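Order of writing sets the chain letters: A, B, C and D. Residues in each chain are counted from 1.
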Amino acid sequence: MQPYKPLIVAFCCNWCSYAGADLAGNNRLSYPADVKIIRVPCSCRVNPMFILRAFQRGADGVILCGCHPGDCHYTTGNYYTRRRMSLLFSMLDYLGIERERTRVEWVSAAEGAKFAATMNDFAETVAALGENKRLEDLRCKK
Amino acid sequence: MQKINREALIEKAAALLDAGTVDRVLAWKRGEFDYDVTPGLFTTREQMEAELVFGDFCGANMSKYLIKETLKGEGKVLVFLKPCDTYSFNQLLTEHRFDREKVYAVGIPCEGMLSVTAIKAAAGDGISKIDVTEEGVVVETLFDGTKVFGHDEMLAERCRNCKSKRHVAYDELMGEEGEVLDSARFDEVAKIEAMSSEERFAFWQGELSRCIRCNACRDVCPACTCEKCVFGNPDSGIENKAITDSFEEKMFHIIRAFHVAGRCTDCGECSRVCPQQIPLHLLNRKFIKDANNLWGDYQAGEEVGSRAPLVDFDFDDMEPGEAVIKNGGEQ
Amino acid sequence: MIKEPLMPVIGVVTDIRIDTPDVRTFRVVTPNGEKPFIHKPGQCAMLSMPGVGEAMFSITSSPTNTEFMEFSIKKCGCLTDWLHAMEVGQQVTVRGPYGNAFPVDTEFTGKDMLFIAGGIGLAPLRSVINYCRHYRDRYGRIDIVYGSRTKDDLVDYNEIITEWIGDDDVHVHLTIDREQEGWDGHVGFVPSYVKELGFSTENRIGILCGPPIMIKFTLQGLVDMGFEKSQIYTTLEMRMKCGIGKCGRCNVGSKYICKDGPVFRFDELDELPDEY
Amino acid sequence: MRAISYAKLDTLFAKIAETHGVYLPVEGKKGTDYKRWEQGDVYSTALNSNRSPKDIFFPQSENLMDFKVEGKSIEIVDTRSESEDFVIFGVRACDVKSIEVLDRVFLKEPADSYYENRRSHAVIMSMACTKPAETCFCKTFGIDPAEPMGDIACWVDGEVLYMNANTEKGEALLEKLEGITEEASADAADTAKALITERMAKLPLAALKADAFGAGKTQKYFDHPAWAELSEACLGCGTCTYVCPTCQCYDIKDFNTGHGVKRFRCWDSCMYSDFTQMSAGQPRLTQLERFRQRFMHKLVYYPENNDGMFSCVGCGRCLAKCPIKMNIAKVMKTIGKENDND
């Protein structure tokens, strides 16, 4: 049987992680093609609604990537992200949505290899969980 | 503790009206039955004597009405605040939602409000009278005679787990000041956390699937004071409409609770008003519990101007991955 | 399959005319080139783009036009923004006709007609005006008072200049709010222009459409001139979703604007609560 | 009249389920709701279900049609299908009346085929209310809970369920059930009826009258000064409209699924501030107007269009559920008060 190929949505901050993804590409490091990157000005831009909406539209896992704490282009954006996502992901866990489906990772512009490794690892973890059934919108299923 | 009755409130309010300190009074109005009390505005002693009530069903938190009320006219409005209402009062002040100068707040003690739902569930339909005596809650029914229930069992959930009998804001206090209590309000949350992921999912699916999206939880919430709610935006995807599927009900409740996270004083109004009896406070308390757990104890509304955990940070805050484990336990 | 009033048909936009900076007129036919359905002057239709929205628009072409249907639409919201951005050949969905109509074949016959419109308010009147022009001998003198903010904001200006003005016993009175270069016509607001022109009330029907403030003052002016409220008609707008008097939002008193309206006589409106 | 032992309700449901879907109120975790009967479900005698049987005919949300949009072209996909025959059991007299109220809206020309489809396949088995609640006031609107309407009326007296057909549809169903039911005399349920009538008179709202309302009262009540006070505490939530068995306002919206567009209809509430919001303006600016609209519609506008029939059935759900306990009974008492002196 083919292993399940999950759909991953990755919110990447414009200044670090998006550049990190670029670097991964330039260095020909491979990561799953089902990782859909959405560029955001700062990880702090990611509203909880974005994450839920990604699940609604069929994502099996959502990962949020930003600059390392202390390196935010806007000085403090990712510190807020860290707090927000701690609460949001705990809440999703509380509602019985598998906690492995969500992740926050700090990836700098120089860490192309880390980006690829993170995505590979995350995709593998989510693949093991299979299809997202607990936070799905049936109308969006084909 | 000295029990404050309706006559005492009327005397106090009438005196303040006569003295010209205030020109209207925000209090509880008599309804059809003993238990249905409507928030209302009074301007004269006669009106109060005819319609004002204060008893075991005056749970409605008046703080939010102050936003609307203070915008009307120049005079001051008198508001009676129970201890838990004072937290909402402070939180609204923190967010500059009304003009403190236009309000005269009188703190009143509270021994816990009764839950009509609990009484109806226990006594059945056809309630003609509810009295609280030393025996407990005495319920007269239309067809099954009189029934007596223990006072504590009939208390609203939020009152059974009351967090504080201390008033954190007032211009004047009636009766004695109480203490902040060591409440067991997070026990229920911990119980759910201890379940397996599947059980938690099944639990919440069962609760949230009853939601009819009437928005009562949002509209009554003293922390939900946005002029234009995100759920009023047609592009939000979850507009103010009946729910269409199980995703939307989860989305609505997560976002609703998240938007008040750090600002929710745990007044419990959301659960009180829910026509479908969804334990919404368990969502809000989860956020409070987690925030306390990660960043130290914080009680919204305890003091005006305090900085809520989500608009603050520490350089060495925990990473979200670890935080989820710390809050939810190892699986 | 059973007929369903909420089920639309496909319409193809075959022509887009730019009337003013914010008004465009769309020509709609079915995919096989026919007029989507038959309507009466004053009736409306629901236009929609799936995924964008659905809204009620008055049909601006005259029923006497058997080839196509036209809608003059002002850009003011989500759906209308989208419609303004679309190109010829685009398909939309259309359902209708909805509402009552102007009593062109009963109360109006043999009467002198006075049309008063402001801005986009001409859109719903255009179907009646063209209907009356088509059956010219059934009606008496036709007066059209039409005003807009500027010359560029006059909807259907070309048709007015090339067709209406030249017609027999059709008197067009145009006005704009403020002086403008290249405009040698009347300058002033519609209500005062109507007063200036002065109309006899005898055997005359007035039809008013425009922004609420214009309607208010023009109506007052007409009443001052001696018009009975039962001589004056208007057409209302409200938010609508179903078009068949069921969804509840266009409910005013016991009437539903989508079904019992949108055309009302002012004496009928007096019976309704002031909530439109 | 037919009779069956109350203990054998399961047999009755199983028999009906051979040919029909069966819906009935079943006690859930918190209160009662209508659900499709499965072996093991127990009929709940609770008076009011959380949500009324309106859900079954006019669901909270339903798909109307699908669209496939490609380039400039659109394809309309009709997703309707014929409903199965089904029976709703245990509908209270007030709720039965509410279905008639809905019929007058949805089946009026041009009929709503989605509603009509379900309505025409339904057989309603109503249930007399042996134990009304303090919030009940169906009598105010001329409903007799001792003689519920519906295709088949049912009474419970002690251990026996009596059934009487009111319509041809009901007769046909009762005929089918002849194997498991017994013949009963026409007056078999009279004891039960008498008890109900006696109990109804004791209700606190028994004296509430609707005479002051009805067609032609628009001008009289529209500008009544009491609306301001009544609507003062209203939160503008939709609880009353969503639990109401007769509220039928809806919205039609599109949902883009990413591979097509679903046009669906869902309940909407006149209490919501965006209900009448247009880009051009808002005819009902404050909660006062929205609040007034709801009650004027139920008590004046609807009767005007429907031969004096009110669009409230006195089920009492809004009395029990309103967060601030403002409700139609209080409105009727306040607004209709002056009429007592007339």
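We adopt the following convention: a contact is a pair of C-beta atoms (placed from the backbone, for glycine too) under 8 Å apart; a residue touches a chain by one contact, two chains touch by 3 or more.
All values reported here derive from a predicted model rather than from experimental measurement.
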Chain hops separating chain C from chain A, counting only touching neighbours: 2
Between the pairs A-D and C-D, the one where more C-beta pairs touch: C-D
Centroid spacing, where centroids are CA-atom means, of chain B and chain C in whole angstrom: 51
Gap in Å, rounded to a whole number, between the CA centres of chain D and chain A: 46
Averaged-CA centre spacing for the pair chain D and chain C, given as whole angstrom: 39
Where chain B and chain D are represented by their mean Cα positions, the distance between them in whole Å: 31
Interface hub residues of chain B, defined as touching at least two other chains: 244-245
Contacts with two or more other chains, residues of chain D listed in rising order: 251, 255, 268
Set of chain C residues in contact with two or more other chains: none
Interfacial residue positions of chain C with respect to chain D in the complex: 1-10, 48, 50-54, 76-77, 80, 87, 89-93, 212, 237-239, 241-242, 244-254, 271-273, 275-276
Interfacial residue positions of chain B with respect to chain D in the complex: 31-33, 36-41, 60, 65, 120, 124-128, 142-143, 206-207, 210, 212-216, 218-220, 232, 239-245, 272-273, 275-278
Touch list for chain D against partner chain B, complex: 28-31, 33, 46-47, 50-51, 60-61, 131-135, 199, 202-205, 229, 232-233, 235-239, 241-243, 251, 253, 255, 264, 266-269, 272-274, 319-321, 323-327, 329-330
For the chain D and chain A complex, residues of the former touching the latter: 255, 257-259, 262
Footprint of chain C on chain D - complex, ascending: 64-65, 67, 69, 72-76, 78, 80, 105-106, 108, 110-114, 116-117, 215, 218-219, 222, 248-252, 254, 256, 261, 263, 265, 268, 270, 275-281, 283-284, 289, 293, 296-297, 300-302, 304-305
